[in-house]
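Following this line, the structures themselves.
First chain A sits with chain B, and in the next complex the same chain sits with chain C.
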Partner chain A sequence: MFTFTIRRLILTVPTLLFISLVIFLIVKLSPSDPTGNLPLTIPSEVREQIREALGVNKPLLVQYLLWLKQFFWLEPLIYLENLTGWDLGTEGKVRLISYQTRSPVMDLIMQRMPQTLTVVGTAYLVGILIALPIGIISAYKQYSVFDQAGTFISMIGFSVPPFFSGVLVIVLFSVIIPSDSFFWLPSIYDTTHEVVDWESFKYQFRQMIMPVMVLALQITAQISRFTRASMLDNLNQDYVRTARAKGMSESVTVMKHVLRNSMIPVVTVIALGIPSIFGGAIITEQVFKVNGLGQLLIIAIQGGDVPTVQTLTFIFAILIVLFNLIADILYGLLDPRIRYD
Partner chain B sequence: MTEVTATSADAPKKAPRNQWWDVWDQFKSHKGAMLGFVVFMTIVLGVLFGPMLWHFDPTFIDIRARNQGPSWAHPMGTDQLGRDTFARMLSGGRVSLAVGMTAMALSLVVGTFVGVLAGYFKRLDGLLMRTTDLFLALPLLPLLLVIIMLFRDKLSATFGPEGGIFILMVSAIGITSWMQTARIVRGDVLALKEREFVLAARSIGTPNRRMITRHVLPNVLSPILVSATLGIANAIITESALSFLGLGFPPDFPTWGRLLFDSVDYLQQYPERVIWPGLAISLTVLSVNYMGDGLRDALDPRIRGR
Partner chain C sequence: MPDGTLPVLEVRDLKTVFQTRSGEVHAVNSVSFEVKPGELLGVVGESGSGKSVTMMSLIGLLPSPPADVKEGEVLLDGLDLLKTDINTLRDIRGGKIGFVFQDPMTSLNPVFSVGFQIMEPLRKHMNLSKPAARKRAVELLELVGIPDASRRLKDYPHQFSGGMRQRVMIAIALACDPKVLIADEPTTALDVTIQAQILELVKDLRQKLGMAIVWITHDLGVIAGIADRVMVMYGGQVVEQAPVKELFSNPQHPYTRALLETIPKVHGARAEKLNVIEGQPPILGAEPTACPFRDRCAFRFDRCEQENPSRRIVGKDHDAACFYDFATGGPLRA
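Let's look at the complex of A and B:
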């Protein structure tokens, strides 16, 4: 198991380097000019000095290595300093600075992270909690009315994109239902809202319902289908017949023997899905005006803010690689047949 | 001797049936797939011929008739500039479906090419599959947003605002969605290579090029067809998502995603306006998904005939 983990860990290094290079080249080789948004009255020699200060005149390789050094060495050091209060000599070093706000990109990301994590994290949990029972029951009662309904709901979850389901629930619960009604829900997610007592908790709960449910529908669709397929694979196996023949109760057979074995691929799919949810949350965040990471990316793209765009996209990539790794290791841990070492 | 052959040729003589008729029979028995097929064909024919038959121009501005509700003259009402929403839906659907199908075709070509090469030639396998894995690890939606934002102006200057963004959109979606097809095709080609008919073809000296076009490609057609349907659904959703984020076609050039994006600003006053484009996108994708489901069953010889 140990060598398996080590081997997978080593493989991630070239993957990350390749992805960072792709992101860097796409942003750098594009025909857009970082000084393009500045006023036209700036003389060309001053413009040249600005470009010099931004470091965009250096050879591409130097720029790439500098970016990597900032991202993988300097920023973790600064994070460590803030955490522990040590002095690691990062004073005066050039950090990744956003073109738009002139503040370090990492600080911006740290400000936005909690909002995204609350909404996306809750949605993922809710989605899984809904999906698992649906998947199990649909497989156990294959082709029943419940199964057909489950299939239809997951087809809807696959087909209705979040920018329509989100807008649709806003129309239903925020526009058509009058605002003094019990069922009215706020359409804008207020991130400055603080939970201090029961009333404010209730408001927080209400404003989270719509974004969380819209995201959860997508997650439920995928995971319930997968659970169903995996359960069906296992229900026809010989060991199930053996368990029944030994006189085990139906609930023990299904919940202990079948479920445990079917969860192996489902757990890895759950791990693999987490990064794609961050990507999908870009749209949901835009619909419900959550000022999370996705919204930061959209603003940065519209403002031509190269360092922020680069860093954010790369962080999304790291998440994908990281959760791929976690899924692989989990798979090896849960299923001994996978660890061929 | 001659008598025997004559009778056996006479007796159960039935014209040999093309296997695609069997596929069609199985496809017909899948209710959801049939319904999806009818809905999808209605939408395709509607957006193809609708703009020729409908008497309003999608860009015609009639400012006196702005913000109208549904009526006989305007079945879906008019927008804030008095343009007929029905006409805009029809021509928007043209663009959305065109983007979806072209992007799907591109991703199929790339995916099949990579998959066949990787499966057929052992030397290329490692390299091509590692590349596929790397592409799968890219964060697609953020990357698409970045690509569109950065290259939009340049391409618009060369090919015109609509043509440029069309090329950009199709190629961006195409090159970020071929990986699944490539993996499936590679797996099938690897299995096909071990079959006897391939050995027989090789033993009579068939060159690699004809081997692939005559023997391998026709046999991997069914997984390609299934991933084509999923590809259309995926491409339409991606295009609408980009338009919805404001990074799609220019404002005076309607697509379903763009119409939805524009209607969100008037959500308070005219909530019904977001329904039409959203419903069109969802219905198209739903019908395509059901078609894919039926096609998968119909193309699987183990299920066929049951």
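Let's look at the complex of A and C:
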């Protein structure tokens, strides 16, 4: 298991390098002009100078290597410096700078990470916590009223996109319900809001309800269906009959023998879905004005902010590769039949 | 075999019906049998004759719905299992009645160690502490002939061969010193040499432990080798029941006779053409009102169409459900 993990970790290096090259080239070669959003009154010689200053006209290979160096070497060093207070000599080195805001890309990302993590992370957690019991009960009581209801809700969760369900809940809870009602919810997520006491915590809770609800519906739909299918696969297995023939109670049979087997693929799918916390919530963040990573990506794309787009996309790619690895390792840990060494 | 001793397990007029979308399936129709302590009862019959459903009905292992155990009594030491509450029944499953199933490759849980799976019933039914249960688990594995038992406890089922897994299943079934061991085609999925080893093991264990065994199989050769008494099933009914020697030498039901003729014999260098029983087993959409074997029977006459024969004594400890009297060579006089 250990050597397997090491081997897989080493293998991720060429994978990531290849992905970084592809991302770099695709973003770079797309017809986009970092000065495109500047006022029309700026003369074209000045625009050319701006482009020159941004380094847009350097050879592609130089730009790529510089980006790699900044991403893999300089930025981690700076992060380490901030963390420990040591001086590692990063002073004055050219950081990865956003074309739009002229501030380091990594700082932008760090600023927006918490919003995304609280909203989307909570939604993912809530979604899973709701999905697992629904999936288990639906399978155990297959074709019951509960199962039918679960199927119906999952169907909605699968088929209604967040830009529709998001707007729908806004209309319901922020527009139709009067703003002095207990059930009224704010439609705009206020990221400057700080939790200091019980009242502000309540407000934070209220403003999270809608985005979390919209995202959790999707997640619940997927995970509960998957859990149900996996449970059903296992409930008909011979070993379940053996457990009953040994005199085990229904709760031990289902919650221990069956669940332990059913969770193997479910845990893998949950792990594989975690990167989508960062990337997949782009639309929901737009709808509720959460200024998280998804929104940052959209603004950067619209402004032709190549370094930001490249870096964000590459971070998503790293997360996907990383969680694939984690899913593989989890699979090996959970299923004794899979031995990597 | 022990004569005159009371049976440990007594089944009377058991009826099990499946309610399916395409109607009822009467899988078990008034099955009665008994086993005495230390006795090995062989159960034979072709696929679909209701052997497994009968045994699963005894301890409520059939999923309900669709299964419905409609009538009958299942007396284990005088206690009617069909009428006890579910908790008592759970104590009996894996406690007084041990079960071994057909396919050892799928009957063990792949994600729990073999030791855990043996210790589970021990801890539940015998209230053993963990160390005590572990000690007993090692003894059990040694009993069923698994070498290096204490080390193998922490191994998982996939690390065992098919034959070894069936030994583990037997160890689980024997864990709490059951009074009755029910083995549903335990060797069908194994190759012939392994099958022989398992049979030797069971013979040996029966001598050591003295429990009653119900052994289901299609294989008459196996029956001849280990059974004391044989029960032949057809169409969800018991059609003949006799001590093993008697059954092989003096079969009294046309189905048993046909079954015995299907055993291939080798004359000289070449085997004879295989004998088969023509026709299909019946589909039991309703309770049978005529002999279920009549369509395939060479001895049938009009009465077989009108009545379902009940079991009648045809010899010492020998009964058959047929209107044809092989002793006189003609229909039984009503």
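Assume the second predicted complex is superposed on the first by the 319 of 341 C-alpha atoms of A that agree within 3 Å, B and C clash if a C-alpha of one lies under 4 Å from a C-alpha of the other, contacts with A are read in each partner's own complex, and residues count from 1 in each chain.
Here is the rule we use: contacts are C-beta pairs under 8 Å (C-beta built on N, C-alpha and C of every residue); 3 or more make two chains touch, one makes a residue touch a chain.
Bear in mind that the values here come from a model prediction, so they are computed numbers and not experimental data.
Shared-chain residue A:L312: touches chain B; no touch with chain C. Of the two partner chains placed around the shared chain by superposition, neither chain B nor chain C is touched by A:H193.
In the superposition on chain A, contact of A:I19 is made with chain B only, not with chain C.
When the shared chain is aligned, chain B comes close enough to touch A:P161, but chain C does not.
Looking at the shared chain after the overlay, A:V321 reaches chain B, while chain C stays out of its contact range.
In the superposed model, A:I170 lies in contact with chain B only, and not with chain C. In the superposed pair of complexes, A:K141 makes contact with neither chain B nor chain C. Judged by the document's definition of touching, no chain A residue lies at the interface with chain B and also at the interface with chain C.
Contacts from chain A toward chain B in the complex involve residues 15, 18-19, 22-23, 26-27, 30-32, 155-156, 158-161, 163-164, 167-168, 170-171, 175-176, 275, 279-280, 282-283, 286, 297-298, 301-302, 304, 309, 312-313, 316-317, 319-321, 324. Chain A makes touch with chain C in their complex at residues 237-239, 241-249, 257, 260-261, 264, 334-337. Within the complex, the chain C residues that touch chain A are 59, 61, 90-95, 99, 101, 103, 106-113, 120-121, 124-125, 156, 158, 169, 172. Across the complex, chain B meets chain A through its residues 133-134, 137-143, 145-147, 149-151, 153-154, 233, 237, 240-241, 244-247, 257, 260, 264, 267-268, 271, 274-275, 278-279, 281-282, 285-286, 289-290.
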